[in-house]
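Have a look at the structure below before the remarks.
By letter and in written order, the chains are A, B and C; residue numbering begins at 1 in each of them.
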Amino acid sequence: MVFGKTVPDVSLNAVANLGYAEARWLSPVFEGDTLRSVSEVIGLKQNSNGQSGVVWVRTTGFNQRNEAVLEYVRWVMVRKRDLDAPAPETVIPDLKPVLHPEDLVIPEGLNFTGYNFTLAGEPHRFGDYEVGEKIDHVDGVTIEEAEHMVATRLWQNTAKVHFDATNRADGKRLIYGGHVISMARALSFNGLANAQMIVGLNGGAHANPCFAGDTVRAYSEVLDKAETATPGVGAVRLRLVAYKHGAPEFALKTDTGKYHPDVLLDLDYWALMPL
Amino acid sequence: MVFGKTVPDVSLNAVANLGYAEARWLSPVFEGDTLRSVSEVIGLKQNSNGQSGVVWVRTTGFNQRNEAVLEYVRWVMVRKRDLDAPAPETVIPDLKPVLHPEDLVIPEGLNFTGYNFTLAGEPHRFGDYEVGEKIDHVDGVTIEEAEHMVATRLWQNTAKVHFDATNRADGKRLIYGGHVISMARALSFNGLANAQMIVGLNGGAHANPCFAGDTVRAYSEVLDKAETATPGVGAVRLRLVAYKHGAPEFALKTDTGKYHPDVLLDLDYWALMPL
Amino acid sequence: MVFGKTVPDVSLNAVANLGYAEARWLSPVFEGDTLRSVSEVIGLKQNSNGQSGVVWVRTTGFNQRNEAVLEYVRWVMVRKRDLDAPAPETVIPDLKPVLHPEDLVIPEGLNFTGYNFTLAGEPHRFGDYEVGEKIDHVDGVTIEEAEHMVATRLWQNTAKVHFDATNRADGKRLIYGGHVISMARALSFNGLANAQMIVGLNGGAHANPCFAGDTVRAYSEVLDKAETATPGVGAVRLRLVAYKHGAPEFALKTDTGKYHPDVLLDLDYWALMPL
């Protein structure tokens, strides 16, 4: 929601979404909460062509009690309104490539010491995952137009390109990147069932566009692990990769350093897991 | 809902829906309310072919406290049950072509004097719209079978033609007119964001059928304006036209007086807007 | 839900779902209830090929107060894990082909003596149905991929074959049998509007696979009738048959004793109806 709400202000007319960083979930959100979001421009750089530039924005989501529930930075490429205006002063924000485990905000009162692995349905815990390990999430979901549009409306993302088949020359509707993230996170349950909640997002790239008819699959790579000050709670840094059916096993980038054309998403996040 | 509930009684086997008039929203409806509707036949006219006729019905929707929440008149063409029966006496009800602003029921306690245009996200107010002005709502939505069927079920409209692809010779499912109205009203947010609530419907025509795959667009025309006795609240009479992608700009009717084949909906309503 | 929740444990990797029996609804379930299910293996039989076998399981669903809300038996064909292991002792459970009316659990406090047939919208009551009578439910619904997947997720059934178009050689997604049951039961409202609630399931077969694009129709056959000890409440045993558009009238089986290829579902249940 907080992401979707920034679309009208930030990215509705953006040329491209370039990246995310320093996203932290700060308070839990419950059914019935009303969220709003505030965005602040924190960086600016004109492109060498003089016609477009990159804008960095830090967005904070608040609930109805004005408690911050989420904050994150994103940057997008936008067109320059007045081509004759002088280039603005370049300001590139100093962003952390990865959140430190101590930056993570763990919900108050969380305690995994009595975690019931039998009821959870999967025995794997913090100690069972090794840094460097890759997990194939096995399942796949074929994407339908009606489903991604319903989901995208729920997130209040109103960008034309997701709803209007006449918007692109090829007549395709682009699947909202948030939908691909959701599908991949849901698929990752098969193998990461006890990665209970996401508390930080270090970065992410929508590597290639996704369209209806694509069958989305996912794998994860364990990038780092850290214990926390909270009883029974460990933090696991995971790379979540969504890819199209048919991609080579654990595909990511090609020799040229670019994403493999069948890779849809490369997401780097911290999740909490019982020790 | 109240419209959909009349389908089994009034229009399930109707040959054609001909029109609406004098629709007024009388009380707000809240989550958890239970609605029912009562219809009264108020007019009757046998067609010259002797095989069908037009029936006018006034329907009132009530909530669980028996408060009227909505009333409206519609007329449909139906087949005659007993072809040998004598023609019934013709009764044509005296319907207002347009509701007078004083007919409109404004929800008790409504007050727009402190309206926050910044939070609303669009600055346009009552004074910014001129009679005769046309507003292009810019966005479009391509219709999917799964979406219109889900919406049509929510309204409890069970007419075969919306759900059963074997019902028409061309194998198409007709999109429920209520879905086209909803899509057009949603699209109109882009340009009429502060047209907060609909209080009256003067009339409406489903000008042409809509099918899955069509991309629906919309424009509005300001037909009239009136101040009301309620603080800060103005009433704007709007024509909402839904059309298929590809129609000429602001298309409505052709030289023959018929609707342009790409026009889907021509709706005439009163909405409330902050002064 | 209780059916869907057994998928991961019982049928995710099953070769085939073979049947249901002795299903009884034991307590009403309300919005906000949390359900869980427990399954017990009650029968076992190795197939003559030595590579697979049949497993009978009795599942009970409980609410958050540990009250049983539903119990049923199902049997599935599964692959043998260790082909060299000796065949287990054959245990075939003693299942009732049909629940006796006295086995049915009627919700406490139910009373149909003041049933309002006018508000219900259909006058037909217990006395109007005759054993042997067949009822054509008239309507049909054409199935969409997006709709059956949304429904199947609601029931928390995660079997690949329903979501992943790459799973079958023909590129089709199999419609979950529970979705076909739901569609058929909904269609049966037209003709059985006062068959208020299902209290027992004697058996059922998913006779043939269903795919998106199929138009589902249904008919019912009255198999038995019984009065109950509850005031105004009768029990009607019904066969509910779902079939694809184009099947012969009241199709069921062919001369060979197999299901007609256009029959999708053959369900045998007890419903309660006002006397």
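Quick notes on this one:
The criterion applied here is as follows: contacts are C-beta pairs under 8 Å (C-beta built on N, C-alpha and C of every residue); 3 or more make two chains touch, one makes a residue touch a chain.
Worth saying up front: this structure is predicted, and the values here are computed from it rather than measured.
Interface chain A/chain C: under half of the residue numbers present appear on both copies, so the contact uses mostly different residues. For the copy pair chain A and chain B, the superposing rotation over Cα atoms measures out at 120 degrees to the nearest 5. Distance from the chain A centre to the chain C centre is 40 Å, each centre being the mean of its Cα atoms. Across the assembly, chain C contributes 144-147, 150 as residues in contact with two or more other chains. The touching residues of chain C, when paired with chain A in their complex, are 8, 144-147, 149-150, 158, 160, 163-167, 173. Interface residues of chain A, counted against chain C in their complex, comprise 121, 139-142, 144-147, 150, 215, 245.
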